[in-house]
Amino acid sequence: MANFKGHALPGSFFLLFGLWWSIKYPLRYCWQNSRVGGRTTLSACFQRLDLIEGVLKLLFCLVGILAEQFVPDGPHMHLYSEEEHSWVKLMNWQHSTMYLFYAISGITDIVTFTPIPTPQGLDRLMLSMAVFVEGFLFYFHLHGRSPLDVHIHSLLLVAVFGGAASIFLEVFLRDNVILELFRSSLAILQGTWFFQIGFVLFPPNGGPQWDENMHDNMTFITMCFCWHYVGALLIMAINYTVVWCGVRRCTRREGGNMEMNLQKKPSKNGSKKGLLQHCEDEEEEE
Amino acid sequence: MANFKGHALPGSFFLLFGLWWSIKYPLRYCWQNSRVGGRTTLSACFQRLDLIEGVLKLLFCLVGILAEQFVPDGPHMHLYSEEEHSWVKLMNWQHSTMYLFYAISGITDIVTFTPIPTPQGLDRLMLSMAVFVEGFLFYFHLHGRSPLDVHIHSLLLVAVFGGAASIFLEVFLRDNVILELFRSSLAILQGTWFFQIGFVLFPPNGGPQWDENMHDNMTFITMCFCWHYVGALLIMAINYTVVWCGVRRCTRREGGNMEMNLQKKPSKNGSKKGLLQHCEDEEEEE
Amino acid sequence: MANFKGHALPGSFFLLFGLWWSIKYPLRYCWQNSRVGGRTTLSACFQRLDLIEGVLKLLFCLVGILAEQFVPDGPHMHLYSEEEHSWVKLMNWQHSTMYLFYAISGITDIVTFTPIPTPQGLDRLMLSMAVFVEGFLFYFHLHGRSPLDVHIHSLLLVAVFGGAASIFLEVFLRDNVILELFRSSLAILQGTWFFQIGFVLFPPNGGPQWDENMHDNMTFITMCFCWHYVGALLIMAINYTVVWCGVRRCTRREGGNMEMNLQKKPSKNGSKKGLLQHCEDEEEEE
Amino acid sequence: MANFKGHALPGSFFLLFGLWWSIKYPLRYCWQNSRVGGRTTLSACFQRLDLIEGVLKLLFCLVGILAEQFVPDGPHMHLYSEEEHSWVKLMNWQHSTMYLFYAISGITDIVTFTPIPTPQGLDRLMLSMAVFVEGFLFYFHLHGRSPLDVHIHSLLLVAVFGGAASIFLEVFLRDNVILELFRSSLAILQGTWFFQIGFVLFPPNGGPQWDENMHDNMTFITMCFCWHYVGALLIMAINYTVVWCGVRRCTRREGGNMEMNLQKKPSKNGSKKGLLQHCEDEEEEE
């Protein structure tokens, strides 16, 4: 859907997930650090949230696929037109393919909650593949467009491939809060950038067209991409602070005398340590 | 062999290995998780399979080399023609070189079963090199061809270099089931894509030629590559489920009262843990 | 600020930080190896230095932003000129954006000293992002310039992206002295190279212009970049030796009889071991 | 020195080092696995060899620098000619710079044997930098040459940058025998390839010139590069086997009854385990 709505739809999905992650991961991190209520309750709770996340991801992708296929000017599931000897609406098919890979990632998330013993990290690998395929299709998608159009999509690719690489790292460094926060910030960036693409290429309120060949516009857009990331970091910081304040209030009220029992090992929270430092600690304890 | 058979032959090899891996690695993983019969018997059994795999790899490659050299229009081991002052059938020589590196990988697999103490990981390094060399030769192989021909081979390179990098990681993260499943899926993808290349460039039943300069064809082929990967993932999922059902039935029948003895440490299966999580567990246990 | 001062300002900042790091990290490393005074005092002292470093980074960046915005020919915070229908002084805006990301990195450094529990490694991630954004903006900054101008900035990108990747590694391998020394050397290289760019493109004493299209000049500049790195390594080596001599004199005077108590575990300094070797040691001790 | 000797000189250096490494690392690995004589004697012996290696590296580089500067048509330390307003013999200067970085790597090797506490891994980092700088200068060295000349040097870059990345990994995975063998094979490849470049571009016995624009020649050269690597692997395999036979004969003769005492922990040799597998073992032992 080469119009504003076609960019607003995926933009909303990414923004929603990015915002949700920017609350979820700080929440888990702060909760673990405060250590009230025990870890078992917490992880049971977060596992249920992960399941809901997977289901939502799957639903959103089905909506996306159906929207791409059955909008009035869509391909309606026809791939090849025998009469015209040509492919039908390949761009809609490409977008459907992107949604399909995110749907597969959603299914993987759900399957990890069935009794089938899926290897840990498979969900991250499939998410990484979905993000990679999105970038892969975008990369070969830009042939013969105007310079500004190519450039504005190329910038997106930086966020996309950066995200794919970072999620691939999570396969091996699971539950690393830094990587999870980084992923959240890139998801927010992608979300807002999809809106920016929509606003630039298809001004929604009938505003003036951008001159798609002027080099200054491309320079501005590059810089604008960085400002979007500053915005994403700001949102992350605000959410983190709010979550931390909330958790602290909870633990103060509920925690009370539990805190005393736990005071002995405050330095053992684990999440504040790099791999090597952990090793050094071990040595000292020996 | 620039014809359909020349693509079907390597395609079959990759497909065969991919399918075999997509059974072997889930089998080992499910078996380890169910923990019946002990690990020793299992690994002895799998080691014998690895040896057979190495021997088959070597045999297939010898077949490939001989086929490339001694087909009627092959070079018959002649490299340089003195009369014509030109190289003889360089493309066949290149394909022979690709097979040669896979043969070296096969020999390495076999050598690890001799009493010579080969460093662990050498077999993975050699496999990674073989895949890399395949990609390397393909990369410099595309000069002066039609755009569709170049593009369809470039897509293959994504699977090839992705596979080479993933196998290189296995040198250091040996027996990581995620990487092994990823490798299997890429091998299946390569196998089916070789067939796809054959069908597009040399339609076997005298079908109509593809227009090799039409841009829509290239857009379709890019998307088609993603669908092949969806197919590969589907095959992997089916094989995994079948293997898991089989293993569960076996362990139920044979396991019986053994299961009880093992119930104490169900969380210690190891294969479900990332590096960091493992560290956190250690801390808790201290 | 496309003049000599505009390159001398960031050059001085990088040089200052590089030189400071080339003293700080050897100091910490030598001190830890000599083990006098205990680790606690030391880390408290270094933490205070880290805080000061963060504050200085923030201050320098504010100076940089203000200088870029309010020099006589700067944009004075105007982004778009309605009259001329064009962007105002985009290059100054780009430089401001670069400083902004370093400022965010400085703020992150400071926040880690507040009671808010920031995940360890966040400061390194933000520094890595700042360096990456610097390279990212430079990369899209070179359109339509002379070949020498493009080339001399491209060389800078090697140091910049190398630095970003190395700092990203520090997120996971925190306090790895090799990575920290590498970062220091790249910071010094960047600093001196900014001055070199200034001298080549805007000869300050009215010297003769360089012929910006002569290929020999580009060959020389490439080699000159390597010599700058040799210079950076020389500075590092001198600082390291001086620091080591100083620490040894201190520990001899103050240490005295403390040394004896610590002689039992001289091989446990940890910092001299790679990951794998550490594992092997563990095995031997078991 | 753009002639056959100018390529034979560095080629001999790389070949010598590659061959030496292909004996040294298998020797250390086989010796450690056989565990006769204890580890302490062994490492003292190998450390002395490392020192000699560093000194030789430094000497070779000084020879290289002097040869590049003071051959009859060399620059004789003149960099800029005031009369002709041009740079003097930049290619010789570039080669001198390459040797300079290897010399720095040699100095670092030597310094690790002085009482100054150099962080472990610094020698590998400097070697990696030297290899990287070699590739970096070659990369910008190819402007305006014939296609075959550019291509034959580009192939070298694959070995060079591959080597630089692999040595950089050794900073963190020190004494990993796989990486060391890989480095040895790439050094041999570089050595033989320098000779190949010399033979192709400057046929030494007045043989016929290669047609530097014929595409078939480039295809052949690409394949030839792979064959060189096959040759390097063959040399590695032969040296490994010879070393292993030698070590086994030694240990049988000297070892005798020592072997019995060590039979209890044959699985603890460490070097045959990947990172993850090691972790799994730990779990089982707990």
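Chains here go by letter, A, B, C and D, matching the order in which they are written, and residues are numbered from 1 within each.
Keep in mind that, in the parts below, a contact is a pair of C-beta atoms (placed from the backbone, for glycine too) under 8 Å apart; a residue touches a chain by one contact, two chains touch by 3 or more.
Chain labels with UniProt names: A, B, C, D = Transmembrane protein 45B.
Just so it is clear, the model here is predicted, and its values are computed rather than measured.
Minimum number of contact steps separating chain B from chain C: 2. At the interface between chain B and chain D, two copies of one sequence, fewer than half of the residue numbers in use appear on both sides, so the contact is built from largely different positions.
Seen from the Cα centre of chain B, the chain whose own Cα centre is farthest off is C. The rotation that brings the Cα trace of chain C onto that of chain D spans 90°, given to the nearest 5. For this pair, chain A with chain B, the centres built from the Cα atoms lie 30 Å apart.
Distance between chain A and chain D, defined via averaged C-alpha coordinates, is recorded as 43 Å.
Touching of two or more other chains is recorded for residues 173, 176, 271, 275 of chain B. Partner chain A is touched in their complex by these residues of chain B: 29-30, 33, 158, 173, 176-178, 181-182, 215-220, 222-223, 226-227, 229-230, 233, 240-241, 244, 271-277, 279-280, 283, 286. Listed in rising order, the residues of chain B touching chain D in the complex are 86-87, 90, 93-94, 97, 100-101, 104, 116-117, 119-122, 125, 129, 133, 136-137, 140-141, 143-144, 171-176, 268, 270-271, 275, 278, 285.
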